[in-house]
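Labels run A, B, C and D following the written order; every chain starts at residue 1.
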Amino acid sequence: MTYVLGKLLHIVIVAGAVLPGVGAVMVWAERRVSAFMQDRLGPNRVGPAGLLQPVADLLKFIFKEDVIPGHVNKTLYVLAPVMSLVPALVAFCVVPYARGMAIADVNVGILLVFAISSIAVYGISIGGWASNNKYSLLGGVRASAQMISYELALGLSVVPVFLIVGDLNMEAIVRWQKENGWLVFWLFPAWVIFLISSYAETNRLPFDLPEAETELVAGYHTEYSSMKFALFFLAEYIHMTTASALSVALFFGGYELPFVTLPQGVWGTVLSGLIFFAKMSFFLFLFIWVRWTLPRFRYDQLMKLGWKILLPASLAIIVLTAGGVALRETLK
Amino acid sequence: MSGTVNVTVDGKQVAVPGGLNLIEAARYAGKSVPHYCYHPRLSVAGNCRICLVEIQGQGKLQIACNTRVTEGMSYFTDNERVRKAREGIMELLLINHPLDCPICDQAGECKLQEYAVEHGSGITRYAFEKVRKPKNVSWGDKVVFDSERCILCTRCVRFLDEVAGTPEVGLDMRGEKCTLVVKGDGKLTSPYQMNVIDLCPVGALTSRDFRFKSRVWFMHFTDTVCTSCARGCNVTVGSRGDRVLRMVPRANPDVNHNWMCDHGRLHYAFVNDETRLTVPRVAGKGAPYAAAIARAKAILEGARGQGILAVASPFMTNEELFAMKELLDRLGVEDRFFLKPMGEGDDLLVHPEKCPNARGAALLGFAEAAAEWPSKEYGALLHFAPHEGADLPEEALKRAKRRILFSLKEREADVCFPLTTWIEKDGTVVSAGDRLQRLTKGITFEPTLVTERTVLDRLHASLDASHRPPDTAAQALARLAAALPAFAGVTWTRIGPLGMKLEATGAPA
Amino acid sequence: MTTLFFWIFAVVVAGSALLAITRRNGVAAALWAASSFIGIAGVFVLLGAYFLAVVEVLVYAGAIMVLFLFVIMLLNLREADLKVVQGPRMHVGGAILGALFLAALVWTCRRSGLFDVPVGAGGPIGETGTVAAPLFRDYVLPFEIVSFLLLAAMVGAVLLTKRRLS
Amino acid sequence: MKTRIVKRPQLSVGERIYFATVVKGLLLTIKHFFGVCRDLFDWKNKKTAITMQYPEERWDFKDNFRGAPALVMDQFGREKCVACQMCEFVCPPKAITIWPAEFATKDNNVEKFPDRFEIDMLRCIYCGFCEEACPEEAIFLVKEAELVHTDKKDFIHDKGKLYEMGGIREDRILKWQHK
């Protein structure tokens, strides 16, 4: 019983405070960083350095009128933001964000992340369809096609990790990297594919075609406002957080540092968590950095890149890695 | 004087009536000669010198206004010499001009401005202090004089002497000190004095009434007829923003030449009265037209057995009177009267009948009210109150059980419809000498107002569904012309802007 | 506890499946089908077959149903269009076919003796290793043949659409 | 007209792989990012950031800036406008309304003045025609660009407001002195 209560508490803290907190900070960071990159200042009036801007944004979202347009499919329209947010929150559960601190230490961990984040597309597609608006529908349709296309590359790009480590468990992968060095040095091309695919999976620029505002008004969330829109927004940022966390755990040594042995006990756990968050922050920054550097892809370019380049490339990497692993085994 | 003579104007040969001066003759060749002091209805003074033309065979330039055409004459209105002369005259005239066009009411219709643009050189070589003369001099309560702007053309002097018959103004002093003065206490007395404002080609004489009210280019001008007396002087009404600002005479050689009386000119204040009735009143409360018409219908139908008294107004147009006549015919009303306000007249323009259309009302079968009213009791009264002058006596009003009134101001009645004034509608009136003239709509006082003809027609249509009222005044006139022999053959376009004589009535001109 | 969860998932699976085949609205049907798949994944989890559970969600709910949804959204069928293909004859025919298929399935399973294996008896079934080993070692030839057949079907489908286009 | 066929540039292998160009782009944006970061600590000598911290820092408008129109007085504090209504006439959006009036006394040599002078700033398009049309040099477009009100009525600038905004300007005409 204590175990269940502890887990519940853990879930509540992570899903109720940590992830939305990271999302909120990201909203602020996105605006400030984008401003800086364009020689502007961004929001700097609410609180010190504009840090309370997310609070102001949240207040606005809460107090804004919750409009449900008359032409929508009401049930699905209301359900869609939730369907978008829940998988985003759940997917984080297997990430070991500090030593021994994954919510669910499952032996197929990484696959679970893919499985759950593959469901996240329902929220976007259904939101677009239920809005009964041509722009929303196009956004939803684009989202579903894009997700399927890049899920393959994403999934295949981490297969070499399993081949090398020989385990699907995230903790095991982190431990392996502590002993043998970060996997990114072994599998740099795979990491690049993983990174590109994860941008596509999170609908971030240069792959934000589902909400391409220059073509589709606001894509799948054209008809959404107030808190429902905020949920979509939050889901996107939590997806980014999860993707960054995965990148850290799979390729960048997770919560460990090379050449440094963390102390045991509570302090070690806290330190490891801080290390993890520091690494993750870099990837989150990278998300923003890339967004304000690269322009959006055309749809055919997106499909071409996914199917003709990333998929064959990841397959080739698997074959090469498998060959390498087989060679290693033989040599042993 | 008689017969035609052949002249050559700027090389173009034209035949013109003999006895014309060169300005008028040039019009036949499509040429205009600039002039300040010359006015076709006043004697020739020849003092402004802007109308200089070159006559072939004569060494010096001659003034066109005081030279008459002779057979075979050839003259130039626009050659180099003439242009140079005009330029010089313009420069001279403007030497002492104060150039206060921004505050001058004449700006926009000022001959000095127009000729300075057309014929002036655009610069002055006069580098000395300008002559100062009195400005803003009061010539009584109607005319204001500005001596600095005056070019001493003496049009005003000649008008008051020759037309109005009150020689009150003259020139005083000489040279640069020369100025106009008024006899006696310096106030004009003529009842036609405001014509000098129109005559003044520059801004020296301005109207106290119109002073600073509006620049002329903001105004909307409507050619219509004055309704202050039966003369029916042709006028141009200037309005801005649906409010009448001034009235000036419009030339009509058969009625008023170029003049009008001061009384008529200032006779528009009731149009702009903001306390006018703008919506119908039913039992003292504002009501939509539909409700007021329904109530009026009920009153008229209920009073059929007890008799109806109809009193028209001589301020109504023929079309309105005809619409009323049709309604009364339909109701079978016998007692139709109208009230005629009378006053003083004079020999020039002012007519003793102080209403525009008493003759029209008589032609349409309304009887001029006698001193004694029929002593009958009536079930209802349909009465168009006159804009001014004697109204229906109180005992006549009281003799009817129910009253339907048309009035400018609110009055006690069962139904009180607002009247519209002469400038708010199209229509025709029969002026003195059986002259049929057109009124033209110039303003819309309030968008809510509905003209009397429409009210009468709607009332008629509510009593009789087969009544098909005419839409425009022209259609109404056509209907009237078809129904009444006195108006036979009359159409809206035939009347024209200057009016026509009603031949069929056989009345003396 | 496990029994309780089993029943919850069972109800979700069966209920969603029923709703999926009775919905007129294509999108709703697809969503109920996805819900059914997730329920099945739950059942797999109860059996300790994490790998199968994850793959069930990943492949069926996450990929195949999304593709379905994609197609349904693009076609944007209206109720009126659907009535043409949903007459009473179709209902009866479908019921008969479905019953026959169910009978065949049950019969096959009974004959193979699959029903006699107690749940959870064989240790961790559906683990990565336990799934991979028979697939790539014992039954590698049938597996590859099936893959080849699928590939042939795919190529055929692509060709069909291409021909219609030209 | 000669047709010129522009050949689509052929990307080199390096460019086709994109990585170098993507990295180049990323370096460019991060350069600006750190530039602004640096500026934050030395705001006076900012080099990269172009933002102006608006209420504290303000733009120095040029003299020919066209802000809100305003009435000016001459150096003796006398009204220059004579209500000639030229600005009202020329105003394209009909934002200006003038009610002219005559001085009751004849002591001065100026006869006409604007009794009321209103500019509806919700209509004004800041074109400056009024300034151009004014024969008395009485109306100018001043550097006032911040018109914020919570009531529509406040956007109608009356005579008092217009003189307050315009202030005093050196006058060459001096119509009050002599005419």
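Points worth noting:
The rule is short, and it goes like this: contacts are C-beta pairs under 8 Å (C-beta built on N, C-alpha and C of every residue); 3 or more make two chains touch, one makes a residue touch a chain.
Keep in mind that this is a model prediction, so the values were computed, not measured.
Distance from subunit B peaks, on a Cα-centroid basis, for C. Distance from each chain's C-alpha mean to the overall C-alpha mean is smallest for D. Between the Cα centres of subunit C and subunit D there is a gap of 69 Å. Averaged Cα coordinates give subunit A a centre that lies 28 Å from the centre of subunit C.
If each chain is reduced to the centroid of its CA atoms, subunit B and subunit C end up 96 Å from each other. We define each chain's centre as the mean of its Cα atoms; on that basis subunit A and subunit D are separated by 48 Å. Viewed as a network of touching protein chains, the structure reduces to a simple linear path.
Pairwise chain contacts present here: A-C, A-D, B-D [touch as defined].
Subunit B meets subunit D in the complex at residues 98, 100-103, 107, 132, 135-136, 148, 211-213, 215, 217-218.
For subunit A in complex with subunit D, the residues that touch the partner chain are 33, 35-41, 289-290, 292-294. Within the complex, the subunit C residues that touch subunit A are 27, 31, 34, 38, 41, 50-51, 54-55, 57-58, 61-63, 66-67, 69-70, 73-74, 76, 127-128.
Against subunit B, in their complex, subunit D makes its touches with residues 82-86, 88-89, 100-102, 106, 109-112, 135-136, 179. Contacts from subunit A toward subunit C in the complex involve residues 76, 106-108, 111-112, 114-116, 118-119, 121-122, 125-126, 128-129, 137, 140-141, 144-145, 147-148, 151, 155, 168.
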